[in-house]
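Pasting the structures here.
There are two complexes below, and they share subunit A, which is joined by subunit B in the first and by subunit C in the second.
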Partner chain A sequence: MAAKSRETKAPRKAAAGAQETIVHKRTPFMRILTVVLLAVWIVWTLAPLLITALSSFKTAREAFATPTYGDWKGVWNIFRFQPTLVNFRTLFLIEGFWPYIWHGFVASIGSALIAVVMGTLGAYGLSRGKFKREGDISFWIISTRMAPAVVVIVPLYYIFRRIGLLSTLPGLIVAYTTFNLSFSLWLIKGFFDDLPVEIEEAAFVDGDSHWAVFTKVAVPLAAPGIVAAFVLCVLMSWNDFLFAAVIGGHRAKTVPVGITELRTTVEVLWGPINSATIILIIPMIALGVLIRKYLIQGLTMGAVRE
Partner chain B sequence: MARVRLEKVWKRYGSVEAVKDLSLECQDREFLCLLGPSGCGKSSTLRMIAGLEFISEGSIYIDDKVVNNVDPYKRDIAMVFESYALYPHKKVFENMAYPLRVQKLPEADIQKRVRRAAEILDIAGLLERWPRQLSGGQKQRVAIGRAIVRDPKVFLLDEPISHLDAKLRTHMRGELKRLHRDLDATMIYVTHDQLEAMTMADRIVVLNLGVLQQVGTPDEVFNHPRNKFVAGFLGDPPMNFIPSQLQKKGKGYKVVHEQFTLELPDSISRKLIARQSSDSVEVELGLRPESFDLSSKQPDGCDMQGKIYVTEPLGEDVIIDITLGNEKIKAKTVIGQAWQIDEPIYMRVKHDRIHLFDKTTGESLLM
Partner chain C sequence: MFGMSFYGWILMPAVILLAFITLYPCFWMIVMSLLKVSTRPGMKNEFVGLANYAGLFKDSLFLQGWVIQGKYVGISLVVEFILGFAIALFLNNLKRSANVITTIVLVPMMIAPVAVGFLYLYLFNSSFGWYYWFLRSIGILRQGSILGDMNWAVAAIIIADVWEWTPFMALIFLAGLKKVPLDQLEASKCDGAPPIRRFFDVVLPNMVSVIVIGVLIRFMDIMRYIDTIFVMTTGGPAGATKTVSYYLFDVAFRFFDLGRGAAHGFVLLLVTIIIAQAFVNIMKKKGVQR
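Coming up: the complex of A and B.
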């Protein structure tokens, strides 16, 4: 009996020990440090956004109003203002900002659509097909993303000028697709790789053709990845400055390029710059929330025996 | 329903030969079991019949029609996968209705067939659930349900119950066998579990390393194994193999081991004479654990004497490990007598249960 109780005690002790090594007990100091670091980080990232957002609804005078030296309560002056849409009015009515938003919208959505449709097809082929030098092809595709965009911008400029794509929306769409396609292909391929092939085989046996298996089973199951790829492609294009400035030229300016135009030789239009920045940021935040929802989905859970 | 025939089928993955020169036939309405250890090519064979793998060489016929280059969706087969492979984005009802929707059957017909299949499988209450909300046994039933809603030529089942717990597995064995009878269907069933094969199959196909070992009814493969592999694979505990010498003795034969001499009955001797066995051959004597009469006192006509190494009671029966010189063998008997470790034990061999295998080729000498 004594021997038995010793036997049962020993493993319990060992198990407790194992647990301690896995779950580190957090000391109060560590907890406080974590909170402080996170707080600093949040202020660091959100403060510029907040100032931009508030300033976009202020007149120039209010935006640049600073409290007198030593007046710490004056910090709250930042929230004391009469909201006005004068900056937005200037932006759209005087500076004519609408086309830039339209260009950015068309170029980013257009290139994201092309990248995702072609990327899904390519990713499925690479993930499911068996052919020679498959690894090399996959690597070549991702290798196109290894160099920074600046490297290709000069040759791309010459090519586009030659074929008349320079300063056009289709040109901008093609330019964005060059880097969106390889990105979306690799992202979506990861999702296809994770899908158990038996599910597709089951559909194949159940009477679906290759194409029906792809559209009715593989694509719906990889949908979170496809949506994520689409959103990220839109964000990257919408956000891009380099291609828009060089390839887009005068006739296909997007929002980031448009913002630089608000810094004229005469003055810097801070108010409209703030408003334009908000217009640039809001769709990105909205898409960011959307992508989070899709990425979290564990759609394949429970479909097959794990 | 249909017949399935394989003719000299090979499957190669690069330089690996998974299936070698396999020819077999599954009759109409037959329950055929492909049995073998992992890597024996049984799943590759089934996948070739389904059309999910290309055939490297040879032909596969479904109802006298070569289907080598026919896509799975045109073969009219239903398959149950080892991993169940349910559609995670569809509820149970839609999972089962999927093959019918593909055929574009009228909605009323689909409803009727799915509900009937669900009733047969006792999953009528689960139709509105998602696959992720099901237990392993329920998923497996849904997977079977998806196969039986339509009326395919052949059912292919790839280890459908091997991942269930032991109790549920025993239950499902009976259910599947009954289902086969009720559906009156041709079924090809892949398993590595000899018990499943023995209990369910009309005929068993034993495969090893991609090579066909034996085809026969459970009785044939169990009681008349063609070679040492088949003899050792079927039965639990497995057959004992004792390396010994086959010698001529007068008109008959005897098996000589340093610990015993076993005179062979006339029925076996006649087969050996017919084979024109030479006077002295190295053989493996095959004796199933059930083919001994055991006694702790020396009986008349005792064939062998050994020492008890250990006993393994199983409730009803007991397995006794016996040392026989350098050999260790297992014998099974009804529990009751108190067997003491290290005590001598006397064995009488049931003469109609003797198997003899060629030492080098492993082929049975009694076929």
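Coming up: the complex of A and C.
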């Protein structure tokens, strides 16, 4: 009853209040349970990252200092160390990691650019135009996301071997476009679908051409979605391992491939591996947080929205 | 009329490029699956008919791979579903701190699967891994190594997947929870239904579509990626983590049998599509019944 009277006064507040009724929030027990379980989950989420991040600044002796089993005070060993950059130095000076970062950067930005430019054009066309077999075109575009990467890669390897794109950056860019293009096209189409057509119609009445309406009205309005699509394309390409390993070969190695090579049959270079892992993940976490608002819409190709 | 051609024109480049990079390889995959593809470029391929497919079904590693993949996909999905739902419910309880906490929770999703593999390879190491130390300290593990044990290794790759992708489920379910109609909740509350009943009668039916999408995308992605397995176990020990997807990588790029790899890939693709379609149909029927 109390919730009902609030609803008439302040609908927004009532909305927040009613959501709590899903899991009876009011009881202190539920409140404590919420805090405790979420705290446990956050520790579980961050612990691997924290341990690896700290280890990347440790010497081998410090990084391998687990205490005897059952010695719980020994957990503090994780935080006991003299910060050193020796692992990063090894990574760049001895293992020569710069080119890998550069390759990953060029391939992911290049492919994301192609995917987003063509995707934006195509998305607007598909969203506004009327086509005979629109359903078929849509199904085809979505279905390309279903194909497991390991499956696509076999014929792609064969084709690239014949036309000489193996082990080159352009080849890697094309390979990434296989998943980026359909992804960005479909995602951006969702953003164009959401725009009210009236604004564009008003521009037509003012005498603007199709192209002018597209570039001056539609694209600026859909800009946040287009940026989100671009960022997600970069993220998926930068993180990719399979295409880089098979198509990129030894002349277009990216960071994920480079890391796996620090683990040889002779030894595992844990120090450099940990620092390379940190270099691999930090920029992507930053990018992900940047487009956090569109993350769910992006990763479900527009099927679920926050 | 003119408008139509403009939209057609700007859709054209994407369609042509997409056809070249998806339909053309797909066509080649089917052709290759009927050939014995030469290991070197320039040499002649030999037509072998359905021999590659026949060979697949005589290959015990291929058949075993399905069992392992089933275990890996099934357990991961169930655990991620339950944990994801629980976290979504709790996140839904938060008010001011919701944004910060949700952002922290979703961090693992942004991390390269290869990096996730190395995080856990390090944590599970039997001489200096902190998770290994923890498991030994609380007495769950008596001896031996995690990634060297046939059962523990499967558990390890599942744990890595759960760590990275439970946030995805949680976030999708959270979006679904926010869309449960308030009037239905209020009505149920006025009827005096206990929270558990309210959950099953009001919340769950309203979330069917979100659940279908979440499980479906997760299913297709577990079939897609082999990166964490490649880093953590390379299919071992003794093939205990050699899923069908992973074995495809072995066949095509370690044994360099591209024809067999194409046949393998084609079967894998068909099965993925059939399972996904079946799942959608079942859920649709259930959704209608409600």
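Going forward, the second predicted complex is superposed on the first by the 262 of 306 C-alpha atoms of A that agree within 3 Å, B and C clash if a C-alpha of one lies under 4 Å from a C-alpha of the other, contacts with A are read in each partner's own complex, and residues count from 1 in each chain.
One rule holds for everything that comes next: contacts are C-beta pairs under 8 Å (C-beta built on N, C-alpha and C of every residue); 3 or more make two chains touch, one makes a residue touch a chain.
Bear in mind that the values here come from a model prediction, so they are computed numbers and not experimental data.
Trainee: A:R161 contacts which: subunit B (first), subunit C (second), both, neither?
Mentor: second
Trainee: Using the touch definition from the top, say if A:I285 reaches subunit B (first), subunit C (second), both or neither.
Mentor: second
Trainee: Going by the contact rule stated at the top, is it subunit B or subunit C that touches a larger number of residues on subunit A?
Mentor: C
Trainee: Just subunit B (first), just subunit C (second), both, or neither: which does A:G122 touch?
Mentor: Touch status of A:G122: second partner only.
Trainee: Per the contact definition in the header, classify A:G190: touching subunit B only (first), subunit C only (second), both, or neither.
Mentor: neither
Trainee: On subunit A, which stretch or stretches are contacted by subunit B in one complex as well as by subunit C in the other?
Mentor: In the superposed arrangement, which is not itself an observed complex, subunit A uses residues 210, 299-300, 303-305 for both subunit B and subunit C.
Trainee: Can you check the complex and tell me which residues of subunit B touch subunit A?
Mentor: Within the complex, subunit B touches subunit A at residues 50-52, 71-73, 77-79, 81-89, 98-99, 102-103, 130-134, 136, 139, 146, 156, 163.
Trainee: Using the touch rule from the top, collect the residues of subunit C that touch subunit A in their complex.
Mentor: Residues in contact with subunit A: 3-4, 6-15, 17-18, 21-22, 24-26, 28-29, 32, 37, 41, 86-87, 89-95, 101, 103-115, 118-120, 122-123, 127-130, 132-133, 136-137, 163, 167-168, 171-172, 174-178, 180, 182, 185-186, 189, 195, 198-199, 203, 210, 213-214, 217, 220, 223-227, 230-231, 245, 248-249, 252-253, 258, 261-262, 265-266, 268-269, 272-273, 276.
Trainee: Name, in rising order, each residue of subunit A that touches subunit B in their complex.
Mentor: 196, 198-199, 201-210, 212, 217, 220-221, 299-305
Trainee: What part of subunit A is in contact with subunit C in the complex they form?
Mentor: Per the stated touch rule, the residues are 3-4, 14-16, 18-25, 30-31, 33-34, 37-38, 41-42, 44-49, 51-52, 55, 63-67, 69-72, 78, 114, 118-119, 121-122, 124-126, 128-131, 137, 140-141, 143-159, 161-162, 174, 177-178, 181-182, 185, 210-211, 214, 235, 238-242, 246, 255-256, 259-260, 263, 270, 273-274, 277, 280-281, 284-285, 287-289, 292, 295-296, 299-300, 303-306.
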